[in-house]
Amino acid sequence: MPELITVGAAISPNLPWSDWQFGFWIHLLIFGIGIISLLLGSVIIFIWLERRLVGRFQRRLGPNRAGPLGLLQSVADVIKILTKEDIVPSRADKLIFWIAPIVAFTPVVLMLAVVPVADGALLADLNIGILFVIAISSITALGVFMAGWASYNKYSILSAMRTVAQLVSYEMPLILSMVGVVIIAGSLSLNDIVKTQTVPFIVLQPAGFFIFFIASLAEINRTPFDLLEADSELVAGYNIEYSGMKFATFYLTEYCEAIVLSTLAATIFLGGWQGPWLPPIVWLLLKIGIVFCFIVWIRSTLPRLRIDQVMGFAWKFLLPLAILNIFVTSIFVALWPETPAWLMGLTNLAILVAYILFWSKLFKPGGKAVAV
Amino acid sequence: MTVAITGEEVVGALDKELKGAVKSVESEGILVQAEKILDIALCVKNNKNLKLDYLVSITGTDYIDYLEVSYLFYSLDNNKRFTLKVRLENKSNPAMPSLTGIWIGAELQEREIYDLLGITFSGHPNMKRIFLWEGFHGHPLRKDFSNGN
Amino acid sequence: MEIRTDSTSLDIDRHEGNLIKELRSSSTKPVTEPSGWLSEDLKRNIFLTTVDNVLNWGRKSSLWTETAFTACCTFEFISLSSSRFDIARFGMEVLRSSPRHADLIITAGTLTWKMAPQIKRVYEQMAEPKWVIAMGACGITGGIFADSYSVVPGYNRILPIDVYIPGCPPRPEALLAGIELLRKKVEKRSFLQG
Amino acid sequence: MAIKTEPILLNLGPIHPSTHGVFRMRALVDGEVITDIEPVFGYLHRGIEKLAEQKSYRQFIPLTDRLDYVASMNNNLAYVTAVEKLAGIEVPERAEYIRVIMSEIQRIISHLLGIGSFFNDMGTFFTPFFYMFIQKEKLTDLLEMVSGQRLLFNYMRFGGVSHDLPDEFLPALNTFLKEMPAEIDKYERLLKENEIVLARSKKVGILSPDMAINSSASGPVLRASGIEWDIRKADPYSIYDRFDFDIPTGTVGDCYDRYRVRVEELRQSIRILEQAVAGIPKGKVLNPVPLRFRPPEGEVYSHIESNKGELGFHVISDGSDKPYRLHIRAPSLLNLTALRKMLTGWKIADAIIIFGSIDICVGEVDR
């Protein structure tokens, strides 16, 4: 399968430069710069948005002094963090301490390479797009683990251990939740998945979206799964010893991850760039914004779970549900391909509700270990 | 109203057990010998009529000539209270038995008294300074304490 | 020095006791403070460049506070950060518990000699540039507890203080005024000067 | 086959976001599980008991403010009643009513903060805490109206309170009392049945009734273990025997029960306040006592039900104008006695919330 690997072959013919002489390089340049600037720009906006939103949830104003409406707050933060002293603890594992932020940050940016902003407008239209995303996203966990391990700090080691346990566990339901979509769309390419969504897949696959959203909350370490940072327990988590630029990179990674996973949720389940009247990219950004605001809402509302409860939730609740979802979806697709969308969605929703009710009967809160 | 049990009542109730241990009887409590405190505490705790099962507070005081430790007990069921007192004449190296075996509530308070007054409680599981640091000179609540350097 | 890793070990206590004793004997005089910034230090002001202005604007707009609070004044600081006074307006709602990420210590409360090595260590762990606000009477002179055998008479025995805020405890408005003063001070810093 | 593991020594505090001040725990952890823990005290030991011996009786009142700085009126009250008992000072009736009002307002403030920070420890991003702080600020304004201070009030005197309530106080308090029950209901809707709260706090950190009594626990911690012991009922001080209220108790003694008891106590405090506001008489508020007065020789132990538990003052007088010895029975310190037993065997995350559910104030622990 050589064509899978050649990126050059993955340029969509829709783009004007697809048949130019150096089209491939121009493509890389345009989208490379585009993705990075879009990501960094939106990080600045989204950090501001989160702080303002959390402020509103807590009945206060949030940052409003730096620049108009406080929009430059994140810029000020960046300027400050970048010019701060860069400390490397004397007993740290220096090499790994240095590489860890890079290892954590790079894959996050790479994930956007396969996300279309309009029909065919993406860096690399891989026909294994989803697989690529999954494979790349796990590398961030490695970066976080390296940071925790190399810091020579007990809190960061604990945080690193939690990272590995949590991220590896939630990788499973995250992947399996997307399989249902893949079965319906009949393709692994994100561009094709968006194009097949005449009806957003959230209608067809409510259970799939449910699992995907929860698992991605765990992947990006947001409440109620923010065990890696766990302010009240582990002080600051894996980045406890980082300062200056390296800390900024981790801070950035965190928000980029949140944005990228919002993007994926928007692309896979909410119809991506599709939508009437407005240009495709605006639709995509709008959907990303909605998902992100939802994440912020959860962050400012819910408490945190304990590590064994987090693990139990992944393996005992999400994983069986994801498998059930795949099973039911494939039966529909294989046996009755003509099923109307509403029936399929309704069945899926019914399964989700029944499963949650069934599980909540078994669920006994509290105690030393999770009891189901 | 939490009524104070008078010393006479206790002496009356525990006549057999207290033999020889009581030094003097006051209106709200009794003064006993330091060595016998463990037995007496067990008696007042387990006695069916008294049922002094809750150790409220332990106060240590430096009365120039001697050190006094006073224990205050409640009986939660009967809503009564009672005071036990102990005097230690040896001020250079005061020591007495610890009550932690009977009430673990005594643990921190006895450490506090050790720290601030210098009374050693034998049988305490973790007899060391609680508020001040290791290497602090003297015991602040002694009347002859100056500053601790 | 090898220390037994046993949670009840006396070795750790002795080790810490020695640290306290050392610190106590070495800090009998207040630390000299970086003063003169409010008076017209003209020379420095002239050399403030655009780079300086941008840097200082960034620094003053995002003063992240270390959560090293000791006593009563903490509650006035929390009041300041809560919904009513909302310190987040100045971008200061980010409370970092790790000293590596923080820029500012607000010394809210009495400092005892037992606590002093820890506070000093937190200060030393913070990355430059860093600032200290002495909040409340205890932070300035030891306040009502200055006579006590275990209280440090003012944080300036161990840390260089940038701004003093009197009061026992200072009201949130007073604390806000102090922070405003610190922001002014940050503005006057030159990049070349470090 | 068991994996061979090496325990590590983890320092929680004294500078840690959820040790409520400068408390420190030295924990021996095996992975996430705590195998042994030693609380380390004294990071805020200011020597208040020694300072008391150097100050006159009245000069010591402001120092009591700084014990449990969340609820300083309660400390005032405990000290003032102890000295009044020692010297036999009468208090005017209006002053007694004012004292009860202040004490209950402080209880509400303290419990709001206790509940709020408990949820903070559990990992909510400050939201419940700030919601409760909004109500706390309203009460702080009321107290400021009375005393001119926001945190450390120095309001009570021997023989009454320092000055009368301003005219606007009682109407403002009434407004607050009208809207507060609805606020509490709001918190309840948000938090009471939350699955994550249940999962984190139910059956976590159980303190059995026997253990609670044996370890001299008091206040909400004791009541959450199912023991109905409240000094306001058992040994009514001030005029608490005139009010009608219940003692909420728990059944299991876990973190959830301790949280529930605090919420119920908020409602009971509102009940007491309503009755007190309705019944407050007119009259003077202070029976003047000479500035340097000398109580007779003797000793007294006087206690109140403070927000954290039984706050007692053991005052020994030698007839001079300074206390000969003053011992403070601090509920926060004694509630921590069982901490080691409660935490051993639990995970680090549990340890944080168990500690948070005890709700201590380090100023009082270390004094």
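A few points about this structure:
Order of writing sets the chain letters: A, B, C and D. Residues in each chain are counted from 1.
One rule holds for everything that comes next: contacts are C-beta pairs under 8 Å (C-beta built on N, C-alpha and C of every residue); 3 or more make two chains touch, one makes a residue touch a chain.
This is a predicted model, so every value here is computed, not measured.
Of all chains in the assembly, those touching chain B and also chain C are D. If you compare B-D with C-D, the chain pair joined by more contacting C-beta pairs is C-D.
Distance from the chain B centre to the chain D centre is 25 Å, each centre being the mean of its Cα atoms.
The centroid of the Cα atoms in chain A and the matching centroid in chain B are 62 Å apart. Centre-to-centre separation between chain C and chain D, using Cα means, comes to 29 Å. Here the CA centre of chain A is 44 Å from the CA centre of chain D. Taken residue by residue, chain D touches two or more other chains at 8-9, 16-17, 38, 42, 45, 47, 50, 130-131, 134, whereas all remaining positions touch fewer.
In chain A, 58-60, 231, 235 are the positions where the chain touches two or more neighbouring chains simultaneously.
Listed for chain B are residues 126, 129, 131-133, 140, 145, each touching two or more other chains. Annotation, chain-chain contacts: A-C, A-D, B-C, B-D, C-D (touch as defined at the top). Contact residues on chain C toward chain D in their complex (touch as defined above): 5-8, 12, 67-72, 74-76, 78-79, 82-84, 95, 97, 109-110, 112, 114-115, 118-119, 122, 144-145, 147-151, 168-169, 171.
Listed in rising order, the residues of chain D touching chain B in the complex are 38, 41-42, 45, 47, 49-50, 213-217, 227, 229, 231, 234-236, 301, 303, 310, 312, 314, 316, 324-325, 327, 329, 333-334, 336-338, 341, 366-367.
Contacts from chain A toward chain D in the complex involve residues 54, 57-60, 154-155, 158, 161, 223-224, 226-227, 230-235, 299-309, 363, 365-368, 370. The residues of chain D lying in touch with chain A in their complex are 8-11, 16-18, 29, 31-32, 119-127, 130-131, 134, 194-204, 254, 256, 345-350, 352.
Those residues of chain C that touch chain A in the shared complex are 54-55, 57-59, 61-62, 82-84, 86, 88-91, 93, 96-98, 100-101, 103, 125, 127-129.
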